[in-house]
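Naming follows writing order (A, B and C), and every chain is counted from residue 1.
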Amino acid sequence: MSDSANATVIPFTVDEEAEAERNPAERLILAEAARMAEAIVFASTEPVTEKQLASRLPEGVDVRAAMAELQKIYARRGVNLVRVGDGWAFRTAGDLAFLMNRDAIQQKKLSRAALEVLAIIAYHQPVTRAEIEDIRGVETSKGTLDTLMETEWVRMRGRRRTPGRPVTYGTTEKFLDHFALEEIRDLPGMEELKGAGLLSARMPSNFSVPLPPSDLDLLTEDEDPLTDIDLEELGLLTPRVTDD
Amino acid sequence: MSDSANATVIPFTVDEEAEAERNPAERLILAEAARMAEAIVFASTEPVTEKQLASRLPEGVDVRAAMAELQKIYARRGVNLVRVGDGWAFRTAGDLAFLMNRDAIQQKKLSRAALEVLAIIAYHQPVTRAEIEDIRGVETSKGTLDTLMETEWVRMRGRRRTPGRPVTYGTTEKFLDHFALEEIRDLPGMEELKGAGLLSARMPSNFSVPLPPSDLDLLTEDEDPLTDIDLEELGLLTPRVTDD
Amino acid sequence: MAETLESRAGKATPMDRLWAENDDSRGVSEPTMQVDVAGFEGPLDLLLHLARNQKVDLSRISILALAEQYLKFIDSARAIRLELAADYLVMAAWLAFLKSKLLIPKQPGDEGESGEELAAVLQFRLKRLEAMRDAASRLVNRNRLGRDVFARGMPEMVIIDKKNEYSASLYDLLTAYAIQRQRQAITNVRIAKRGVWSLKEARDILTRLVGSFKDWTALDQFLLAYMTTPEERATAIASSFAATLELVREGHIEMRQQDAFAPLYLRSRAPAEKAIEGAP
């Protein structure tokens, strides 16, 4: 990091310690794996998951180590390797936004209400529609959730293990990608909000709030797949089409 | 060039001679210009000419020198900076081309009709072709069902114990996998479809959304298992209705 | 008869509603949603606005003063006969209750939460809403993909999970299902509900149709497209005939009949075509 003055361009930083642990052969294999991963991720606009990478790289390659190396290499370049949920993607560096946003495609603007609902879903997920309405103190207009799902930033996640088993909403990898977040814990102000007890459904008596789940795909303890729903309670009919 | 054995990843090559000609301030400016050019070329949908680059980079930048630097940096990486016509573009390194055409599968979008049929199968399973047509109000082309079978999201489950013994369709594990559903009952019900704005809030009172069976592997009471003879008779894909 | 028409004119006929639904008026018709008391989105939003006007930190705000301001606001809104959604009135009632709790010290035998506890809950809700507002604005001001930060412009490969040659999202699936079931349900409703044709319905149908018939056309033909069941024939013909007479009287169409019980012929009156198009 301190030798930048000697180089024309921002140099690679080499982690000497990790380096020392690997023998030359291992290093070569890792270097080549990193090169391949670089080509694959660079070639794609969408984030590439580690699983997808593993299936394309030679067997036995430590994908995580290769990506860590690559990320370090690109850390100070005009293009960065970023983690998006469990995927990796190359994105132009954030500090060059001033250069880039002249190409910006005019994006559909979300209404204030939709943005608010989006923020609530992001910070409170998994969250039900009733909870969103409780936080906003107003009914959610029918088109709002629909619009958010259409952007592919929001999805239905599962069902809450409470009477009526309401559907829970959460954000997607596309949401993380769009807002340049590695994971949901990186949401701005997440820690403070949590600390202040403002991410709970009810006023917390002790003001200590559990951490939100870091893995978006895992159902939380009070979320449950629908196994033994009382049909009549939900007012739904069983699928029975009779032949005539 | 010969020091690759010492490095974890292919290093930047630094042109010492050209280096010596520039003072540190010039070097920094060039480095930053190279970073900007890198981001611009990366994000561009077409090769970027030097003229275009010059118009976007800070005034007085030696575009040619910056591009020469960048090209050198990327020379031995998984991605190279190449000249395409009179512009610059990034391309996968030639020796890694094999990585690119490995999965040349063309990803296909399901047609609207196929999506409709798929959704009906998901919600109304076990369901026969005649029932699907009854729900949709239009005939379902054989090709649509074939396509869905090809996705491996839909399978033949059995035969309905009614005259003609029509084949019943249902969804597969792969379907749940693809749509990130823990189980089939995680599909939103009528109230939730309304809540999300997907279904009008004023549906007629006799309208209902069925709740799929909790265990997809169990045949319902009026279903018979598919036998080998059935499969043969069906030519695996074509549901033929026999009169018996 | 004119009166009946007048009084019904405001309401959409079942047919109109069907068309409206086909046009996909999502959200437009949700009554509570359009409440826009001077631009506020619900009572909590209004309260938050009033609280901000106290220009102190939300934790040090006077809930009593806030409740009073809110009640005053609601009173003045009612004074100018502004129609308020139930939400606002429910909140007003609750705040009036809170106010009384705060003013009267808790009695030994009192059940339930104290005024202070209730006030704290309200304070919490306001803070939480404000926090989400701030979070939303921080979120949209981040570097965003496609605006500040960009992906590879010339992708060389689409990474596909080998098992998934086809793409579709859950949203695609649900949308397809909802649209198709809705379409179908609406068709069904039309059949089920149209036991009797009202005069208004018949008139609307005729008004829509008549412009396209420049030549003499039998009344039956006008109705063919709408007659789904034989049972509806009688009511359809009766109502349309009455509607036809009205339209003739108003000069929109012409009508003729050779003999008693012979088919009725209709055609649009050329000069009046514009008027028909402008008709409701």
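Here, a residue touches a chain if its C-beta (ideal position, glycine included) is under 8 Å from a C-beta of that chain, and two chains touch if they have at least 3 such contacts.
Protein identities per chain, from UniProt: A, B = SMC-Scp complex subunit ScpB.
Please read all numbers here as calculations on a predicted model, not as lab measurements.
Chains that count as touching both subunit A and subunit C, per the definition above, are B. Taking the mean of C-alpha positions as each chain's centre, the chain lying farthest from the centre of subunit B is C. The mean-CA centres of subunit B and subunit C are about 35 angstrom from one another, to the nearest whole unit. Spacing of subunit A relative to subunit B, judged by their CA centroids, is 17 angstrom.
Contacts with at least two other chains are made by residues 39, 42-43, 90, 92, 100, 123, 135, 180, 188, 196-198, 201, 209 of subunit B. Among all residues of subunit C, those that touch two or more other chains are 26-27, 30, 150-152, 156-159, 162, 169-170.
By the touch rule above, subunit A contacts subunit C in their complex via residues 40, 42-46, 48, 52, 55, 89-94, 97, 100-101, 103-105, 107, 110, 112-113, 115-116, 118-120, 122-123, 135-139, 141-144, 146, 149-150, 152, 155-156, 177-181, 187-189, 193, 196-198, 203. Touching subunit B in their complex are the following residues of subunit C: 17, 21, 26-27, 29-30, 150-154, 156-160, 162-170, 172-178, 180-185, 187-189, 192.
Put simply, subunit A touches subunit B in their complex at residues 5, 7-12, 14-15, 18-19, 22, 24, 27-28, 30-31, 34-40, 42-43, 56, 69-70, 73, 77-79, 90, 92-93, 96, 99-100, 102-103, 129, 140-147, 149, 155-156, 158-159, 166-167, 217, 219, 225-229, 231, 234-241, 243. Put simply, subunit C touches subunit A in their complex at residues 26-27, 30, 32-33, 41-45, 47, 87, 91, 120-121, 124-125, 127-129, 131-140, 142-152, 155-159, 161-162, 169-171. Every residue of subunit B that touches subunit A in the complex is listed here, in rising order: 4-5, 7-12, 14-15, 18-19, 22, 24, 27, 30-31, 34-40, 42-43, 56, 69-70, 73, 77-79, 90, 92-93, 96, 99-100, 102, 123-125, 127-128, 130-131, 134-135, 160, 162-163, 166, 180, 182-183, 185-186, 188-192, 194-198, 201, 208-214.
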